Each structure stands twice: as structure tokens, then as C-alpha cells.
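After this come two complexes, each holding subunit A, first together with subunit B and then together with subunit C.
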Partner chain A sequence: MTDSPILALRGVSKSFGQVHALSQVDFHADAGEVMALVGDNGAGKSTLIKSIAGIHPIDEGEILFEGRPVSIGGPKDAGRLGIEVVYQDLALCDNLDVVQNMYLGRELRDRLWRLDEATMEQRTRETLRGLSVTTIRTPRQLVAGLSGGQRQSVAVARAVMWNSRVVILDEPTAALGVAQTRQVLDLVRRLAEQGLAVVLISHNLHDIFEVADRITVLRLGRSVGEYAVAETTQQEIVQAITAGIPAAARSNGEAPV
Partner chain B sequence: MSDAAPTASDSIPAARTDAPQSVGAAIRDFWNGLRAGDLGSLPIIFGLLVIVVIFSSKNENFLTAGNFVNLMVQMAGVTTIAIGVVFVLLLGEIDLSVGFVSGVAGVTVAKLVLPDANQTSAFVAIAAALVVGAAIGLLQGTIVAKIGVPSFVVTLAGLLAWQGVVLLAIGEGGTIVIQDQRILDIANRFLSDRAGWLLAALAIALYAGTKLLGILGRRRAGLPSGSLAVVGAKLVAFAAAILAVVAVSNRDRGFPLVGVIVAALLVFWTYVAKRTAFGRHVYAVGGNAEAARRSGINVDRVRIAVFMLCSAMAAFGGIILASRLFSVDTNAGGGTLLLDAIAAAVIGGTSLFGGRGEVKSALLGALVIVSVANGMGLLGLSAGLQFLVTGLILLAAVTVDSLSRKRLAAVGR
Partner chain C sequence: MSMQAGTESVSELDLPPVAAPGSAGRGPRLTGGRLVARAAPLAVPWLMLAALIAAYSSLQEGVLSREQLNLWTAATLTLLLVAAGQTIVILLGGIDLSVGGIVSLSTALAATQLGTGGSRLIGWAALIALLGFAAGAVNGFLVARLRLQPFIVTLATWSIWSGVALWVLPTEGGTVPESYLSWVNREALGIGAPVAVLLALVAFWIWFKRTPLGTGIRAIGSSENSAYLSGVPTSLTVTAAYALSGLFAALAGLFLVTQTASGSPTVGNDFILNSVAAVVIGGTSLFGGRGGLGGTIAGAFVLTVIGDLIFALDISSFWTPITTGVLLILAVLANSLTELYARRRARR
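Coming up: the complex of A and B.
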């Protein structure tokens, strides 16, 4: 839907000692679309998004944001570009409440260097409401007391609160029941409808075929290929994941709507 | 992106932690918190009551104005050191060096104000001792944060090393007597009755003012601002406590200057812990360091800053102790000081596991430890028995902490 993707990776490689977690990976995410990232355990999915988030510096290749090469040295850099990540392990502080987690590391302050709790709470309420997250009773509740789905909602809400352009979700439904998975998938779709580029990592192909527009398959740290959901089947994706068989004939161009 | 959302906040009910909507709701929140394992200051207030009942029934001197003022002066040093320890515990770290860091600071001040060729003013001496403390914290914190040596080991090494420094600086069996009146005033001066009342009025006004501003701020943001009755009840309780303390003090020597200093430190560090981004980051690092790091918090910097403030507060405590004893000797910062300071923080309700606790636990815990020591001293009981009892109290406090942690974990998720 746009001429150039918001986020693109070209030939990115990353090793941990002897382990080549990523080698020569290409990847992109476009505004208003959900790009699914799939692959077996250890394929390098988490490593890929940590590279984008600036948690691990990449060894090789380049990251382009809106067509310009950028260097992302840490979570703050990623945040400044408008890239937000919701990690598999959520990375919330159980001992803090919802508002405190939403603003962690980016607290609003008044002139006296004092935390502006009132504004932070108000915006948290607005964000949760804007995403139709109704299950969280009060934003002053400790995160320790939330259910898995509620925690996921907090993590997602936190990611989209910053006028972000790209939101990356690492297995957001892995630990959830049916109803909670439903909530999160709806949320994912809403984010794309609001014009964000969404990257979704999941093992559940059924979920992916429901919400994603495109699928990138990783295998043993390499990209097998990119598939448009409308033009592929679950079998084809399974084969790509397990055997690394790339799509036979595909135009790697625009996504059909 | 959600700026267009309406400001009414009906879909999300009132906040639990800071704005119960009625007295009934406040009591219900409190009860729910208790059941979830969040005991707050309840065990300690109960413990203090027990202590007061036992000692005052055994010795008529325990519950007197004179002994009350003594208590305040006796606990000032430990409380000050324990404030720093609270921050280190919040990180989930430990600082075993605070005792002898306080000793080093005491020696620094005593030496600098000695009436010899390089005598300095009391002010300069105090500043120098605090800087020495912060520098020690910078060193120890950097080793912990950047090299990754466990704080237990780094500060154990510090415990030995700074004890060595105290010994070297004073010389075997030596004592440095402090003659500087300004330094001695710190722990040995008392406010006039009128100054005491004035200060109490100021404290109450400050408390009421901040509460009021908080409510107004929430109203302005369109948030539920809580029940005025609850806030009013808290204000009355606070005012009654302050006025009682001053009234009792005034029946004896008056409110101690060192009490004012410790109160100011408590207020300041509570503000830092609860109202600043730095304080928030301390809790975050203690709760989930990886989450803090991914949120862009400079975890190493937070750790180093906390070790610095802990050592600086230890130094402050050392100055107070030196002033109270009129001197420093080779034992400065030794004895049970370190364990008392750590025990105070823990008994006061700060978790050893990081992320949970408050600055005020330094005061509450020190109150328990010092009143036990004071009461048993009045009864003429041996030091051995004192250690035994304090040890049991500490064990009870840590057990409560562990149990409530388990309970919280069971309730959460």
C-alpha cells in the first residue's frame, strides 16, 4: 500500500559465538499490514526482532527505516524511530502497576522533576479504551495480579502509546486461552487498521492466516521466502518451515488486497 | 494516537492504590491487600505495640518523656544508614560495607575539625565526609554494575577494607575527641518548645498541602480523586502523631535537632523513591532488571547511583554517631551497627528479594531494634539476650517477607 516499506532489513547476519542465529536475512514491514514471521524453534525469530529493537547489535547487513539506513544502538533509538516491541516474555515489572509499566523508562515529569502521575494515568486509561481493552479493571492495579491476556494487553497498549509506526509482537498468544487469544488477535487487526506496520511472530498458522497479510518464513537463521496470505496455503507454509522449500513461482511484488 | 478519546473515565473504575472513593472502599482495599499478602506496616506496628506493652509493664522508666527523647537520639544514626540500605535492597542487592563506611566518615569529620594546622570548618568537614562516602559507593557500585561481581562479595571486601582504613587512620587503641561545637550540636541539641511546635505546624501544613495538590491534580486530569473523608482521617492521624511527639519531647529536653535532620532525610528520600523517575527506575530494576533494560533504562547507572547514595547515607549516619559519642575510636562503625542497619530495613518491611519496600521502613525497623535494645538495657538484661531477641525479630520479619512474597506470587497470575 506504500511505495517503500517503513522498515526493511537487508542481508542481516548475527552470530552468538559459533551459533549463526541469522545469516543474510531480508525482511520488511509495511504500513497498514500485518507481516507474520514464522519458523521453527531456534529459527532466529526472536533474534531478528531483538536486532531491530537494538537489544543485539547486528554483525552485518543494514536496517532501513522509511528507506534510510539507520543504526539502532538500543531500545531508546528504536523507540525514537517509532519501533516498539512486545516481547515473548512481555518484560513487565510485576511489582509496578499498569500505569507505571506503561510509562516505564519514559515517565512524564513536571517542572519539579516530579512524576506527573495524573497525566500518565489519564493517558493510560485513554489508550486502553482506544484499544477497547475493557478487561483491566483499574490501571492502578499491580501487574502481578493480572491474567495472561491482561498482561499481553498492557504490553501491547504500552507499545502503541508512543505514536509508534512499527509494532512487533513476539508470540503474543502462545500462553493464552481461546477467548484471550481472540482478544489479542482482534487487537492486532485493529493496530493494522490504524495504519501501523505490525510484525507478528506466531506458531499458530491458523491465527496467522486469520490476521496476517504476508508471511516471512525463517529456517535455521535464513529467510526461506515471503508469501502473500491470499496466494498461499497452510501446507505450503508448513513445508517452507520444516523443509525450507521456497515457493515455486511467486511475484515478490505488491500484495493483493 | 488515542488523543481523540473522550476524557470521561467511567469504563475503568477507581484506582486501587491511591484513590479509594469512600471510607468503606478504603477499608475494603486494605482488607483485599492483606489477603493478597500485602501486609504493609501492619506486622511492625503490632510488634511495636507488643514491645511498648512488655517494657513499660516491666520498667516504669521505659515510657517516659526522657526515655522517648533518648530513643529518638539513639536511633538517628541507624535510621540514617538504613535509609540507604533500603534503596540497595530495593535493587535486590546488599551492602555489607555501610558500617565501616560510616566509621570512615566519622573519622574524616573528626580529623578535619581537629584544632590543628589543617583544621576546617564543620560544614566543610561534613561535606568532605559525604563526598568520601559517595566516592566509596561509586567504586563499589561500579564494580558491581560494570564487572558483575556480586554485591555481597564486593561490599564484604569493603567491610574489611574500610575497617582497615579506620584502624590505620586512628591508630591502635586511639580515640579522637571531637571539640567542634557545630559537629557536637548535630546529636546533642534540642529545639526550644516554641520551635518544636512551629516545626510540627509546618510539617502538618506540608502534609496537608501535598495531599491537597495531589487531589487537585487528579481532579484536573479528570481522574477519580478519592474520598475526602479518607484523606481527612489520614491528615488527622498524622497531625495527632506529630503533635504527640512534640508534646512529649517538650516535657523533657525538647525535640532533638537530629530528629529534624532524620525527618528531613526521610521526607527527601521518600520523595526521590516515589515521586521521581529515578526512584521509579530503582523499583523497576529490582522488580525485573531485564524489563527495565528493554524499556531503555540505564540499569548500570541506576545501580551505581544507588550504591553511591547508600554509602553517602552511611557516611551521614557516621557523622551523626560521631557527634552523639563526642568522639571516634577504632571501633567506629563496628559492633552491631551494620547488622542493625540492614535488620532495620528488613524488619521495617523492605523485601530482601528486591522491588518491594519503602523508605519509611528504615524508621519503623530502627524504632523496633533500638527500643528493644533500650528496653532490655533498662531492665539490665545482658547483651547476649539482646542479640538473641533482635535475631528472633529479624527472623520473624524475613519469614513474613518470604511468606507474603509466596502469597503475592500465588495471587498474581
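Coming up: the complex of A and C.
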């Protein structure tokens, strides 16, 4: 574990009425690493990232950004800190083109308050090229006309364009075919190599073991434990997800080698 | 700046940033199929208008003249101003029925308060425009903040403003000062004041659709949730859209009194559904996100020219609403077909 993670959650709890979606959850994301967040349906993964994004304010605990406690009141606050979330439905607007989507809500303006189209288009090209996204031929295409993988690439590119420090990806490969999944996983790896803290939520352990450095397992709103990918196995993670066997149990020799 | 710097250095190392060809232009570059796909929705209303004008000019002399343009624009401008506001709200995925009440109230106030001219006239005209803006902002607040249905909200405020209009001016009448009526009759180079207003409206739209607000409105029309998650200030954007619709409705009332030289507490009601019809004939989707003023202009003129055409054909005037209805259905049908076509083109 690094000394000061970019993003850390300490004892975070969140309830919706009687439902304890998160209780006393600890979590962190470090620069240059891919942290996977796994858990069964209803384990609290979505609530956790929505808390980080400021959509669900937390009831208890604290969120630390670069060691400082912060309060995040909405997607704009998160964005200002450098936390970007790529939601499962990607939050793209079909009727706008790639450039307009990349800058949605943060448009560059010229003196007459119009969009600075030329600069926006140029930076979009540069960002896509920087991420080696070659599948999008022109950033003036409407998003409606893009494939699933291309849309995912646009959403990821948008997330990293804003001096982001932390990028959270919610099930980025769930709706993709084999080749497109490959592209997105490569992209995830490149983000970490460029020094970002990446949080990857996925149900696909195979994908996770391929790109992640660490895994945090959530079960019924609690964190079961954190595992280094290099020192664990898929079986161990499955057991943690389904039965909640914590990492400490491993030292008792219960987990298969 | 870490990510930005990282991204740039990568592109500098691997692929030197090439100045994208043609990216110096202001608007988005469009070529070939994509241009066709985006222009297609505009084609339907303008072709419809061209066909109606062609039919009319086969029956009448001097249709393609500046005089006719001035006449038709004067006859259409009230509807067009209301429909311009309606376009903005419908692009957002909403609807504004309150424009009827705002137009009525605006004419009622104009016919009773403008006085005899001078600074009182200017002050009240500005106040009426401001009231329209504020009335629209109330709609926007109720829709955006209190999450009420736009149909019900604007139905309610239509009723409220109609009531206030009756309070201000119980029956049709009042007087509008001569000095105010005269500006409409001014001409320059054979172009009347209504045409000048129309051109100003077009200039406004060309600017407006490229502003962050214009983009935000279309984004919300596509998906309010996506827009919110992307950081679009959705409440503010929705409120601004309804406020603009209220402002345009008030301006429409201020123009209408120059045509009638009097106020009416119920005159606005004609413009509620006609403004929606003009927007829809103009190719703007009632589901939001697609369309714009370019089509609405044609849509509004279509409604004017139909009436004149029916008159010129010397058939009973009840054919006007019937023909309007049929054209409305044809326009919606044509628009959904071009949208389908545009999507297929966009995929290539």
C-alpha cells in the first residue's frame, strides 16, 4: 500500500431508509494503479461510486482526496477535484457529436459566448490520439452512429481530458464484444500507465486479473478485504464475494495455492 | 495539469500534433453524407413551403415579390415569435402551453399601459418583455426544481395569466399609441420592419445554438440524466429555456398589437397549439433533442400560406384547418422517415 493514496474512503456509511447500502467501508485508489471493485449484485459497488461522485452524499465517515478531507456535493464538485466517473450507461447524448459530448457541461467559449469549436475539436483529436483510440474516424460524428466500443472510448476519453487524477469505470466491458473488450482493457491499462488512479468495477474476474493491480471486495455493504492480484487467485476472490471469507483467512492455509 | 500534460506528451512523442485540416473554421466541419443526413430534417418543411408557394403563385400574380414577403412576414411574425420560444422548450423535451396566456396578457397590458408614447411607452414595453421572461422563469422553476410535469405546469400558468389578462382588460379593446404603431410600417430598401425582426431572430438563433446554453438544451432533450452526469447545470438550463419562451411570447404580444391596434384578453389562445404545429411541421421532435428554428420558420410560414392558398382557390375556409391537420400528419411522418435515414447515414 502506498503512503498517501490519491483517493481514500474511511469508514464510509450510507443508508437509504432502513437499507444499509454501505457500512464502515474503507477504500483507496493510488496513482498509476488499477484498483478493481468487485462484489455481487447489491454489494454496494454502485452506491460507493455514486458517493464518490457526489450523487449520494455519505452519512458517515470521510472521503480524503490527496490526504485532505473533502465534501463532494455533486458531479461538478467531483470533476473539480479531478475525479471522473464513466457510468455504465456512459452518460452520452446521442444527438450531439463526439466533440460536443467531450465538452458537455464544460464548453470552451469564444468572446461571443459561442462554443470554441476549433479548439474543442483539436483537443478532442489530441486526447483520442493520446489514448491511441484510432477507431473514431472523425470527432464530428454523432454519437448515435458509434458502436458500443467507440462510445466507451469517447466516454473514457472525456473522463481523462480534464486533468483527471482518478477515473472510475463502471462495468466498462459489460456490453461489449470480444475485440471491443480488448480495446477497452488496453485503454484501462494505458490510463494507469499515464499515472492516473483507475477504479474498475466489473463482474468479469478474467478481465480484472488481466488489468488490475489490486482488488477490493464488497459484500452486503461491507468491505471484505483488499487483495493484490499478484498474490491471489480467482477462487479466493470468488469465495470472498460469495461467502465473505476475508483476506486474513488466507494465512490459515484455507485458500488453494 | 497532469493528465493534460501526459496526453500531449504522448501525442508529441508518437504522432506530432497535426493541425487538423479545415479545423480553423468556426462551425463543425461537415462533409458529404453527414451533411445530407443533418440537412434532411430541414428539407421537409422547406420543400413543403416551396410547394405551397408554387401552388399559390400559379393562382396569383406577383407572389414572388418583396411586397408579398413583407405581407406574409407581418402575418406570420406573431406566430413565429411564439413558435421560436416553443422550439427552445420542445428541444428540451418540454412543452409550453402558457404562451397563450402570456401573449394575451402582453396585448392587454400594451393596449392599456403604453399611454401616449415617450418614455412611458419604452418603459412599459420593456416591462412587458421582462414580465414574459419572469413568467417563463416561473414555469422553468416549477418544472426544473419541483419536478412537475411541464404540460400541467404550463396549463396552470396559462390559466393564471389568462385570468390576469381579463383583469387588466375585460374585453377586447384598449388603445395603442400611434407612435408605437408606426414602427411596423417603416421600411428600408423595400424590407419592412417585420422582415427585419425575422432576420434578427435568425441571427439570434445562429448565435444561440452554438452557445453552451443551446448545446445544454439539446443535451437535456436527448437525456437529462446524461446531461446532469456530464456536468450540465440542468436546473438552470431548463429554467432559462422556459424563461426565453416566456420572453418570446411577450414579444409576440407586443408585435401583435401593432397588427390589431388593440388588445385582447383571449387572443393568445390561438397561438398555443399553432405554435406547437409550426414547431412540429418544422421538423423538431416532440421527444426533444432534434430540430431547431430553421425548420420552425418554414413551419410557421406554411400555416400562413395554407390559409391564403385556400382563399385563392375560392373554397370554403373550413378547409384551412383540415388541410393544416393533414399537413401536420404528413410532416411528422416525413420527419420520422428522414430521422431513420439520417441515423443510417450517421452509422456509416
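What we mean here is this: the second predicted complex is superposed on the first by the 246 of 257 C-alpha atoms of A that agree within 3 Å, B and C clash if a C-alpha of one lies under 4 Å from a C-alpha of the other, contacts with A are read in each partner's own complex, and residues count from 1 in each chain.
Basically, contacts are C-beta pairs under 8 Å (C-beta built on N, C-alpha and C of every residue); 3 or more make two chains touch, one makes a residue touch a chain.
Only a predicted model underlies this, so the values are computations on that prediction, with no experimental measurement involved.
**Q** Could you check whether subunit B and subunit C clash or fit when both are placed on subunit A?
**A** Once both complexes are aligned on subunit A, subunit B and subunit C clash.
**Q** With the two complexes superposed on chain A, say which partner A:T173 touches: subunit B (first), subunit C (second), both, or neither.
**A** neither
**Q** Tell me the contact category for A:G148 with respect to subunit B and subunit C: first, second, both or neither.
**A** A:G148 contacts subunit B only, not subunit C.
**Q** Touching A:S51 in the superposition: subunit B (first), subunit C (second), both, neither?
**A** Once the two structures are laid over each other on A, A:S51 reaches no partner at all.
**Q** Let me test your reading of the model: by the given contact rule, A:E126 touches which partner, first (subunit B), second (subunit C), both or neither?
**A** Once the two structures are laid over each other on A, A:E126 reaches both partners.
**Q** After lining up the shared chain so the two structures overlap, which partner does A:T232 touch, if you call subunit B first and subunit C second: first, second, both or neither?
**A** neither
**Q** Report for A:I136: first if it touches subunit B alone, second if subunit C alone, otherwise both or neither.
**A** The answer is first: A:I136 touches subunit B but not subunit C.
**Q** Per the contact definition in the header, classify A:T216: touching subunit B only (first), subunit C only (second), both, or neither.
**A** Neither partner.
**Q** Where on subunit A do the contacts with subunit B and the contacts with subunit C coincide?
**A** 75-76, 79, 85, 87, 89-97, 100, 104-107, 109, 113-115, 117-118, 121-122, 125-127, 129-131, 138, 140-142, 144-145, 160-161, 163, 194
**Q** Using the touch definition from the top, list the residues of subunit A that touch subunit B in their complex.
**A** Going through subunit A, the ones touching subunit B are 53, 55, 74-76, 79, 85, 87, 89-97, 100, 104-107, 109, 113-115, 117-119, 121-123, 125-131, 134, 136-148, 151, 160-161, 163, 194.
**Q** Give the list of subunit A residues in touch with subunit C in this complex.
**A** Touch residues, subunit A against subunit C: 75-76, 79, 82, 85, 87, 89-97, 99-101, 104-107, 109, 112-115, 117-118, 121-122, 125-127, 129-132, 138, 140-142, 144-145, 158, 160-165, 194-196.
**Q** Could you list, by residue number, the parts of subunit C that touch subunit A in their complex?
**A** 1-4, 6-8, 10-11, 14-15, 17, 19-20, 23-30, 34, 207, 210-212, 215-216, 218-219, 221-223, 225-233, 289-290, 343, 346-348
**Q** Under the touch definition given earlier, write down the residues of subunit B that touch subunit A in their complex.
**A** Checking each residue of subunit B against subunit A gives 1-5, 7, 9, 11-19, 36, 217-218, 220-223, 275-277, 280-281, 283-284, 286-288, 290-297, 355-356, 408-409, 411-413.
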